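What follows are several structures.
Look for subunit A in each of the two complexes below; its partner is subunit B in the first and subunit C in the second.
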Partner chain A sequence: FIRFVVLINYPLYIRSVPTQGELKFHYTVHTSLDVVEEKISGVGKALADQRELYLGLLYPTEDYKVYGYVTNSKVKFVIVVDSSNTSLRDNEIRSMFRKLHNSFTDVMCNPFYNPGDPIQSKAFDSIVSTMMVQAC
Partner chain B sequence: MSFTRNLGRFEDDMRTLREKRTEPGWSFCDYFMVQVCDWLRELSIRAVGCSSAVHLCVDQEELAFVFEMLQQFEDALVQYDELDALFTQYVLNFGAGDGANWLGSFCQPVRSWNGLLLRRPIDMEKRDLIQRGEASLLDLRSYLFSRQCTLLIFLQRPWEVTARALELLHNCVQELQLLEVSVESGALDCWVFLSSLEVLHRIEGCCDRSQLEANCSHTVGLWTYATEKLRSLGDLCGLVSENGPDSEDLNKTVDLLAGLGAERPETINSPQSPYKKLKEALSSVEAFEKHYLELSHAAMEMYRVIGRLRSARLVGKSLAEFYMWLLCFACFLSCACGFFDRVCRYLQTSALLASDTNLSDEERRHFCQEILTFARQTAEGKGQQKDARVALSMSSFTRLQELRFRPSSALVHVSAALQLELRLCSLMPVPVTLEQISASIHFTQEQPGSTAQKRAAQNPDGTVTFPAASPASASASALELCEILEHSPSDNALSSAGVACRNMHLLMRRHDSTASLDTPNTAPAVAMEDAAQMLRASDVTLLPGNNSIVFTAPSQKPGSYTLRQLCATLGCVQFILPHIYPVVQYEVYSQEPQLSIQPLTGHNTDSMPVLHSSTCSARILSSSAELLAESALSIQSSEKVTSISLPVTPPYHTLEFLLEVLCHIPSCPARMESERLTNGQISRRSRTRFNSGMTLIDQKVSVDCPWSIYSTLVSLTFHVPFTIKHSLLSAGRRKFIQVCLRNVSDTNFRLTNQTLTENQHTPSLELCSLNTRTHSLVFRQQCVFSVWELRWSGVSPVSVHCEFSAAFAPADAPDAALKLYRYDFTLERVSTLYSVRAEIRPAVGEQQCCTGSLCRLEVSLTRLSEASDSDEEYSETDGLRSSRLLYEVIDNSSNWAVCGKSSGVVSMPVAAMATHKVHMEVMPLFAGHLLVPSIRVFKYQPRLASPVIQPDTDSCLENDSLSLEDQAETASLRSRGSVQSLGSGESAQPRGPMPKRQAFGPGQVFSGTQGQQVLVLPAADHHLMEVNVT
Partner chain C sequence: MADNALFEFLHMEIVAHVYKEQATREDIDKERVTCVSTLELMGFRVGQGLIERFTKDCPTFKDDLDIMKFLCKDLWSTIFKKQIDNLRTNHQGTYVLQDNKFALLTQFSSGKQYLEEAPKYLAFSCGLIRGALSNLGLESVVTAEVSLMPSCKFQVVIQKL
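And then the complex of A and B:
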C-alpha cells in the first residue's frame, strides 16, 4: 500500500489506498514530523540555500517505510510505504516527491486557494492517483 | 610479498567464482577447488547443488577472517556487508519467484528464537550450523550481524550498530514473511525483543554513560521496538486481558519460553540479561506490567530528551491504552493493592474525557457513566472495604468559580452563623448526585486581625473568585513587561527604548511536554487530609453547568479558619481539590468578657451612700434588659477569696446580682454595713480618708474572672453620712449633755429614736431627755441637737461612758428600712469644782463706770466641792491643805485695760464653799455695754527641783506652750494699753524650772458671770467724743 500526506504541521491533504488502519497511519505520520524537524534543523545548518528537499527514509518501522520531503516553505510531504513493497527504490520515491511538489505548486498558484486550507484539487488528486497506481 | 600475492590470488579466485554463480553450470566442485579448508570442502560436498550461497558465505567469510586477522576491520566489514547484501538479494529474488532452490533450507520452520548473541567475537555454534546447512534464516542473520557488530565496535562505531540492528530486525521480519517461513506466533516478537535488548546491552557495555545519554537518538528506536514487541507478547500471552492468562495463554507462554532454549552461559550470571527479563516478564501479570512500564518510560524519556515529543506521546498513548485495558478487568481483581492505582488512572481518564467538550455528548455520557457505575458497584459490593477509596483530582470533574461569605466580612463572633456559598461549575454531561461535598478546614488560634493581610484575595463583598484556569497556567499567563532605555555612554543621550518581557522563558515554554505526561503519575498523590473541622453538605446534586452549594461554617472556637481542600464524595470515589487557591479564610472572634459596675440607684455615685438589702440570686437580663430568668448563686468563701459560681448565661446577656459585703471601718466611731455588687473572686483591702467633713472609706475589690487574664479593680467608696459632736454643758452644779448630729451628705434623712444611754449602767446616774420630738428631719449639711440632763446622786461620777444611737433612713424613701447609727463617747471630770464670778464696780465715789477712769474688778473663786480626784495637787501649808490656782483676766475684745497684774496665783483651801476674792483695777477703754472680761482658772504647779512626773503628759505639754503664749499676750496687751507697766511677777521670775499651769476639764470650772455686761459711760470732760459701735 501507499499513502500520501501533504502537511504543514497539520494535514492539508491525505490520501491512503487501503483505508483500514487509518489511525495507526496517522500516528505514524504525526510521529515522523519529529524526524522531519530533526533533519531540517540538521540540514539547514550545513547548506542553507542549496539543500536537498528530499529527506530520504525518515525512519523504518516493522510495517512501514516513511519517506519525507520538505519544500523551502516548510511544507512537508510524507509518503508511507509498506515495508514489504520492495519495488519502490529511493529514486522512485524521490521522483514521486518531485511530482507531488510540482503539483502542489500548481495548487498554490490557484488564486482561489487559501494557503493553509485543505487541498481540494482534482488535478492534484489525479496526480496522486496515477502515482499510486504506478506504485502498487 | 608472497602473502599479499596469495591473498590477491585468493580474492581473484573468489571473484571469479562468484561471477560464475549465475552460469547454469556453476559447480560447487570448481568452487571448492580454491577453498583453503578441508572442512569447508566436506561441507560443500554434502550440500551439493543446493547451498551455494552458504559456501559462498563461508568462503567470503574466510576472506573476512583474514582481513580481520590483519587488523583490516574496514575491509572485513566490507566483506560481511557484501555477504549481507548478497543474501538479501537472494531472498528478494526468491520472493519475486526467482527460485534459487538452495534457499529452501532457510524456509524450514523456525524452531529457535533465542536472539542475537553479541558477546562472543565469533559465534562458533551458529557458524557450525551454517556450515552444516542447518541454520535457519534467523541464525544466519544473527551470525552475520554479530560479526558486523564485533567489527563495528572494533572500529569505534557503536552507533552504527544500533542503526544496523534496527534495520536487521525489520529486515528479518520482512524476509520471514516473504519466504513464508512458518513461525510460531510470538516467536519473532521474542527474538526481536531479545535481540534489541542484547544490542543495547552490548552498546552499553562498550560506552560510558555520558556517551549513551548523548546518543540516545540512536538507541531510542531499539528501545521503542523492544517495548512494542513486549507489548504484543503481553497481548499474545493474555497478560493484558480482562481475565488474565487462561490455560491456552499459559500453553502459549510455555511454548514461547521453550523456543528460547537454555540461557547462554555468557549471560547466565548477569541478573539483567534480556533472556531473564523476557522470562520474568512473561511469568506473571505484575512482572509484565513492571517491565513494560520500565521500557515505556525509558523510551518516552529518551524521546523527550532528543526532542521527539510526538514520538514520546505516541509511546505514552500506547501506555495509556495499556492502562485502559488493565482497568477493564480491574473490577474483577478485588484485593490487589496496586489495583487502586490503576483504577484511579482509569477513572481519572474517564473523568477527563467526560468533561472534555470536544467529545461528542454520547461519549461523554459513556465515560461519566463509567465513573458512576464504578462508584455504585464498589459502594454496594464492598462494605468490608470502607477505607478503600479512590481519590481523583477534582479539576476534571468540577471547576471552582466563586466562594461567597455571608456575612461578607467573614468575621463572626463565637457560635454565630456563618454561611459559605460555593459556586462551582460541573463539567459532567449529566447530573451527578454526590453523597457529600466537604471542605477541610485548618484551624489556628490566631488573634483576629493578624491574618487580615492574608485575606487580600477576598473582595470586600465577601467573595473569592477562583481563576478560571489551573493555577500554574494562570500564574504563567501574566506578562511581566518592563521598559528598557539605553543611553549612550558618551553623551548620555537616549539611544534606544523598548519593552521587554521578563518572564518570556515561562510563557514561551511548551506547556504540554512534561505536565501532560506526568499527569498519570501525580494523580494518585491526591489524598485527602485528615482535618478536625469540615464544611459539609450532604446529598448534593450537581447539574451540568453552574451550581451553588451553601455550607454552614463551624464557629465554635475563636481563631482563624482556612479552607484547605475540597472533596466531593461519590460512593467510594472522591474527587479532591488538593489546594484551594487563592486562600480562603474566615475568622471567629470572642469578645473579652467585661465586668461593668454601675450604681444601682441614683446617679451621683460620689455622694451616694449605698445601703442595700441583698439577695443571693442572680437575674439574667437579655440584651434589651428584659428579665429572662432568676437563678441562685452559689458563693464559696475562703479566707481571702470568695468564689462565685455564676449561672449559665447566653451571650450578650447581663447577669445582675447583689452581694452583701461587711465592711469593717477601723478607727472610726461609726460602724456601718454596706454593699455593692461585685463578681467573681473577691479580695479586699481598705483605706480610710476624711474629706470635707465626711468620712470616706475607700475599698478596693479585685474581680478575677477565669475567662480573662486581667483583674478588674473595683474601687468602692463608703460614705459615713453623719458627723457627731458632743459637749458637756454646766449650769452651776447641774450638768447637761448636748449631742450635735450633723448630716454631711447631700441626702435628707429621717431621724427617730434618738437615745443616750450610759454604758456602765451606774445606778446612781440618770440621764433625762430634754428632747420633745422623737422624730425629726435632718436636712443635708444641717445639724440636729439633742440634750440630756445628767443627774447623779451621791458622789459625782469621775467619768461617764455614753452611747448615742439614732435610727435613720433616707427621707425620700418612706418605706426604706431604718438603720441604726451609733456614737460612743466618754465624759471625764464631770462635776464642777470651782465657780468663778467677776464683778466690776465703779471707783469709790463714782456712780457709773466711765471711760478712762479706773474701776474695780472683783473676782471671787469659790470651791464648790471637796476635791476628791487625784488630778489636783495639794500643798500643805500650816496644816491646812490647799491647792493653788492660777487665775488670769482675759479680755479678748480689748475693751479693758488691766492695771497691775492681770494674773495671779491664789491658794484655795480644800474645803467646800471656800471662797477667795481678788481685787484688780481695770480701766474701760470704750463706752457702752461692755462684756465683763472673762476669768480663766488653771491649776498652778510651781516647778520643783525634782521634776514631777505628770500623769497627764498631753495636757501638760499643751499647757506649757500655752503659758508662754499667754504671757506674751498679756505683755502686748499691757503695752497697747499705754498704761505704765507694773510688770508681771512671773515674767520677772528668773528662768529656771518653769512653773506649770494646767487647764481644768470642760465642766470643772463654772463661770457664773459669763456674758455679763457693764455699762460704761463716756468721760464727760473729753472734748472729743469717741463712739464705738459694736
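And then the complex of A and C:
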C-alpha cells in the first residue's frame, strides 16, 4: 500500500491505498512531522531536505517506511509505504516528491485556491492517482 | 520582450479599476484606505504563488538575510527584469530595499511630477513582497516611499513572534 500526505502543520491532503486503518496512519504522520522539524532546524544545510527513512516505527505485524520532503515555503510532503514493497527505489521516491511538488506549485498558482485550505484540485488528485497506480 | 509592457499596462488598469469601483461609493475618506488594501491583498496572493514557483529548485535558505538577498536578486530580476539597487539592514529585522528605476514608475515622470499618485502604484508591489516573505515563513510589514521618481524604497519590518 502507499499513502500520500501534504501538510503545513496540519494536513492539507491525505490519500492512501487501501483506505482502511486511517487512524494509525494519522499518528505515523504526526510523529514523522517531529522528525522533519528536527531536520529543518539542523542549521547550515544547503540541500532541500529530501527524505527520512525508517523512523524506527516497527509495528509487530507490519513495517513502514516514511519519507519526507520539505519545500522552501515550509510545506511538507510525506509518503508512507509498506516495507514489503521493496520495488520502490530511492530515486523513484525522489521523483514522486518532485511530481508532488510540481503539482502543488500549480495548485498554489490557481486563483481559486486559498493557501491553507484543503486541496481540492482535480488535477492534483489525478497526478496522485497515477503515482499510486505506478507504485502498487 | 513584450511581456514587461503587458504587466505594466495591466497593473495601471488594475489600479484605475479599483479606484473607479470605490469612487461609486460615497465615503471619500475610506476610499483611499480600502483601495490600497485591496491592491495590497492582490499583491500578497500573487507573491505567495510566485514564490512557490520560483523556489521550487532552490536549496533551503539559511537565514533571513539570505531570504532578503534572494528577493532582491532573483525575484526582482524575474519580475521586473532588474535587481534591487541597494539593500540596507539594521540587522534587527528591518530592511530597506531601494530600486532606483522602479519598473512600474518609470512611465510617470523622472522627477517630482505626479508624486502624490505614486503610492497607489506601489501598493501591489508591497503586497507582493509581503506575500513572498509570508510563504517563506517570515511575517512582515511592508511600506513604500517615493521622494524622487522613478526611484523608490521599500521598507520591510520582519515581525518576530
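We adopt the following convention: the second predicted complex is superposed on the first by the 116 of 136 C-alpha atoms of A that agree within 3 Å, B and C clash if a C-alpha of one lies under 4 Å from a C-alpha of the other, contacts with A are read in each partner's own complex, and residues count from 1 in each chain.
Simple rule for what comes next: contacts are C-beta pairs under 8 Å (C-beta built on N, C-alpha and C of every residue); 3 or more make two chains touch, one makes a residue touch a chain.
Just so we're clear, the structure is a prediction, and the values are computed from it rather than from any experiment.
Visitor: Have a look at where A:14 lands relative to subunit B and subunit C in the superposition and call it first, second, both or neither.
Guide: Touch partners of A:14: none, neither subunit B nor subunit C.
Visitor: Examine A:30 and indicate which partner it touches, taking first as subunit B and second as subunit C; both and neither are also allowed.
Guide: first
Visitor: One more residue to check, A:108. First (subunit B), second (subunit C), both or neither?
Guide: In the superposition, A:108 contacts subunit C only.
Visitor: Determine, under the contact definition given at the top, whether A:38 touches first (subunit B), second (subunit C), both, or neither.
Guide: Only subunit B; A:38 stays clear of subunit C.
Visitor: Of subunit B and subunit C, which one touches more of subunit A's residues?
Guide: Counted on subunit A, the partner with more touching residues turns out to be C.
Visitor: Taking the superposition on A as described, I'd like to know which of subunit B and subunit C A:74 touches: first, second, both or neither.
Guide: second
Visitor: Under the contact definition given at the top, report the residues of subunit A touching subunit B in one complex and subunit C in the other.
Guide: Residues common to the subunit A contacts of subunit C and of subunit B do not exist here, since the sets are disjoint.
Visitor: Where on subunit A is subunit C touching in the complex?
Guide: Contacts found on subunit A: 40, 43-49, 70-74, 101-102, 104-105, 108-109, 111, 115.
Visitor: Quick one: in the complex, what on subunit C touches subunit A?
Guide: Per the touch definition, subunit C meets subunit A at residues 45, 48-49, 51-53, 55-56, 58-62, 135-137.
Visitor: Provide the residue numbers of subunit A that touch subunit B in the complex, in ascending order.
Guide: So the residues of subunit A in touch with subunit B come to 27, 30-31, 33-35, 37-38, 59-62, 83-84, 86.
Visitor: Within their complex, state which residues of subunit B touch subunit A.
Guide: On the subunit B side, the touching residues are 92, 95, 166-167, 169-170, 173-174, 177-178, 217, 221, 225, 228, 303, 306-311, 314, 317.
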